[in-house]
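Before we start, here is the structure in question, set down as structure tokens.
Chain lettering (A, B, C and D) follows the sequence in which the chains are written, and residue indices restart at 1 in each chain.
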Amino acid sequence: MPSVSSTLTMPLMVGTVLGVVGFISVVAMILVYAERKVAAHFQCRLGPMRVGWHGTLQSIADSLKLFLKEDIVPTKADHLLHAFAPVISVMAAILTLIAIPFSSHLVLADVSIGVLYVSAVSGIGVLGILLGGWSSNNKWSLLGAMRAGAQIISYELSVTLSLLVIILFAGSLRLTDIVHSQEAGWWIWRAPGVGLLAFVLFLIASTAEINRTPFDLAEGESELTAGFHTEYSGLRFAFFFLAEYMNLFIVAAMGATLFWGGWMPLHIGGFTAFNQLMDFIPGTVWFFGKVITLIFVIMWFRWTFPRLRVDQLMSLEWKVLMPLGFLNLLVAAFLSLFGWYFFPLVF
Amino acid sequence: MDDDRLTAKNNYVKPVQALPIRGFFGRIAYGLGSLLKGMRVTMHYFIHPSTVVTQQYPENRETLVLSPRIRSQLSLIHDESGYHKCTACHICEQACPNASIHVVDRPEPAISKKELDFFIWRLDSCTFCNLCVMVCPFQCLEMKPTFESSVYDQRLLAYNLTKYAGPTSTVLAKQTDDEARKNMIEPRQVYDGPTELGGFILAGMPESTREKKS
Amino acid sequence: MNNSDLESYLLSLDKDLVLREKSDRVSITVPSEKLLQVMTQLRHDRALTFDMLSAHTAIDWSNENKLELIYQLYSSEHHHRIMVGVYLNREAPVTFSLCSLWQIAEWQEREVFDMFGVRYQNHPDLRRILLEDEWQGHPLLKDYKDDFMLERPW
Amino acid sequence: MVTTTLSLSSVPISSLDKRIQSLENEQSSLGTQEYFVNMGPQHPSTHGVLRLVLHLDGETVKEVIPVLGYVHRGMEKKCEFIGYRQQVHLTDRLDYLCALMNNWAISHAIEKALNIELNERIQVVRTILAELQRIQSHQLWWGVFGMDLGAFTPFLYGFRDREKITAIFEDTIGARLTMNFIQPGGLMFDITSDFAQKVKEFIAYFKPILNEYDELFSGNIIVQERLRNVGILDAKTAISIGTTGPILRASGVAHDLRKLEPYGVYSQVQFDVPVGATGDCWDRYQVRMQEMRESIKIVEQLIDNIPEGKHMVMKFGAKIRVPEGVYYSEMETARGIYGNFIVADGSEKPYRLHMRTPNFNNLWSIIRMAPGLRIADLVTILSSIDIVVPDIDR
């Protein structure tokens, strides 16, 4: 057991926890609002317009409604697990979030095995979905949960494979190190070809991992009514919702950190003047700018594509993405071994 | 199964485009291309806010243009002096497929003919088929585009359409003075929910307990 | 085949077939005991090939104490159509199922059973289709009454 | 053929419980456990209150038992109590997406029985309206199809474009869904003076949109792979089931009453009948997409020269007396053949009126198509049949 002096760290820890919880709530609300607006404009609609200016307070109204809503639990549900499942999902999201570097100073926990930690902890989230679907005692929920289980575990592989490419080039698992390694340019274009391919694979596989269209089979409202959260309402449903949007944020943040240089400004090799100009923009703005762009792309997917079928989902992973990922990793290994990438000597 | 009676024989038959069979890499290449194409379509609408079709209804009430033909509410045409032409002939009542119209005769008419006492129209069972308007021999009914008629009590959906009980405008016009006209008619409340209806019971509707609006 | 050819061809099939009057199309009446036999002929005869059972329903002739089954047949090969009628006893309406000839007969016969109470021998799954299994009576019979029927006030 | 004596008691009556019980008993004890799920009556993709009892083995559908009647309104019984004129508006409520075509069908049946000759104007306007309605119905289907496949955006695009036709109907007819406009003997009122202009504007707007539909949805690899070889219905089965409309045509049978027994002015216009080859969901999808294009062609040919004439050739009385006899008339709606079987006894009310609705037969095909496929495929098939539940239940 680590013996830290509790008198000093206790308030700090409580403060951190409250900060993280506050942060995720606010981010989730903003994301929900953003999704509704983005979706609306993709579909020639206006979206929420009534609560506040252009519906800006809609998310607050919705969350208030979810707080006040009656919590309905099916009679024959497994009450303990039914209550516990949403918490697991949110827990996994929070645990993942603390390892993500928002800027060079704003890092809650700079874990030395950051990438490993993130992919391991985010894998817990599927447990919440599985338990939620199973404990609801509803066949549709169970189907959704089983789909989610198979899907998330399968796509975890592709995500990891594409992350490995970056780890090879950066030579570290620590997320801050990976960001620092991109000072001369982001890995997405600095690693010729493989970086871009790894990014595309990462984007597809992580969209599947967070259960968003075109991979939203776990919810699949036209097939399974609402999938694993059919029997959830009120606050518990809000927890699942929160976890979903936090996962969206985490995926975008991971993509930005590993492929787009995290808080790093856009730097190109030896163009000093350009690089100095870019340095004027603070790191946090860079980071959130990249995250927002990625989130928008994932939303764009959702509001354009139809859903895959469950067997197509599996064959996409095991027949297309996985082989491509391995091939990519192999090429990347050679490239990094011989130093065949752009600006290898800058840092 | 004879194949000749299928497609080829007739010259008007147009076979639809068959789905091409693609190989592994062909599918990946086509797939990525098609996905980007789709994303281009949605992006087009995203960056063109002028394509938004949403109408913000209660706010745009002032500018809302409705076609005069819209059938939303039946009304009995009253002329400028407030008299209608209904002779209580019951044809609309018979034409109504859902028994939504009850024409109630006046028990003691001012003249020897039949006179209208109440013209009950039930919005709750009306299907807006327009037959009553079409069959009326005196063209005294019309459908209005007034569509905001939702209420919280079913009984409020039974309307009385006539403003008065009494003879038609033609009969009233023959009267010499206003006093004579006043004596012949008895005022009625229009669009005022369930009236007492002379003891009339409407099928499927709870009996009126509501106080008459003054 | 035009209508008059079709009529004469049909009449030559079986001597018990009767042409129906006051109908806007070729229409025959079949004695109930020969229904399956005639229908099989209509379905499989190369010159007829009535391969589509377009509609199947019944008429309750309550005054004559008869129930008439109506089959609307159509040939997608020759593009001709006929109407076949069968009179049944109204008190105990029972006949043969035609599911073996036209697959859709399964549902159409269930509907006629539901609405008129006609029982079909050899039907694979004879149960009510539109009303619930516990429903009493058969609504399209002319003497059907229940509590939900509203009388028109005039 | 042996004619045995039949008796009531020799025919057993089943029930849904018995049916499910018998399927449960068939189960082998080995392997995974099969189970039953109710899809509907409240389910997003059953398009209303249709209930399907699914017999599932994991994700795989083993058997589908449709349970009908949740919107049964006793329409045929009701028709026996009301006059011929009044029945027209009831047909709006069968297949509410083809209200005008249903109006036309029953009016056509009554006109045929009464031997009423219609003038050109009525026929042309009816044809234009029916084709507009067909486009409108297919637009809604396209949107809903997208939604059933999991893409929400086509749903709104479909409704956005449908709204344009609905606005035309609103201005011309005064109703948006339940029209009751085509009456025995003509039209309820004359079309407005700017009707042709509005229709032309709509066609100019909608033609490029159709290509956009293809870009967004038909060309999408996910859509193509979801529809390929799913729910194959061969021509022989399709005919035996009595399916009509786009489903039958997708199976390769060029059966279209507009060509075979032309009514209205269909014999005077040029149009093709899109026909599929394999009868899978893709063919059904493509047939409907092409039908929209063909309908546009028909409207374009007619809209420029609508002949002059009266809009009603019969006195608009409340009562119509149809001479004694049996009449059966069919018409091609957006979903297939809608037939009216009228038994008239010479009075103002029909002795019996049977409505042969297309969806009743079409839905049956799901029993043949679904087994062995996944739940997602079942949703696709159901959507590709394009059911409207009130039309099934009447």
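Basically, a contact is a pair of C-beta atoms (placed from the backbone, for glycine too) under 8 Å apart; a residue touches a chain by one contact, two chains touch by 3 or more.
Just so it is clear, the structure is predicted and the values come from calculations on it, not from any experiment.
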item	value
Per-chain CA centroid nearest to the all-protein CA mean	D
Of A-D and C-D, whichever chain pair has more C-beta contact pairs	C-D
Mean-CA-position distance for subunit D and subunit A (Å)	44
Between subunit C and subunit D, centroid-to-centroid distance (C-alpha), Å	23
Subunit A and subunit C: spacing of chain centres that average the CA atoms, whole Å	63
Approximate Å spacing (C-alpha centroids) for the pair subunit B, subunit C	39
Residues of subunit A engaged with two or more neighbouring chains	42-45, 303-305
Residues within subunit B bordering two or more other chains	5, 35, 38, 41-42, 53, 94
Where subunit C touches two or more other chains, by residue	76, 152
Touching residues on subunit D, where the partner in the complex is subunit B	82, 85-90, 92-93, 153, 160, 163, 170-175, 178, 180, 188-189, 192, 212, 215-217, 219-222, 224, 227-228, 235-236, 250, 252-254, 259, 271-278, 282-283, 286-287, 289-290, 316-318
Sites on subunit C touched by subunit D in the complex	20, 22-25, 27, 33-34, 36-37, 40, 51-55, 57, 59-60, 70, 72, 76, 79, 83, 92-96, 102-104, 106-107, 111, 113, 115, 119-121, 123, 125-133, 139-140, 144, 152
Of all residues in subunit A, those that touch subunit D in their complex	39, 42-45, 139-140, 143, 147, 213-214, 216-217, 220-225, 303-312
Complex interface listing, subunit B residues touching subunit D	1, 5-7, 10, 12-19, 27, 30-31, 34-35, 37-38, 40-42, 53, 67, 69-71, 91, 94-97, 127-131, 134-135, 143
Of subunit B, residues touching subunit A in the complex	28, 35, 38-39, 41-43, 45-46, 49, 51-54, 56
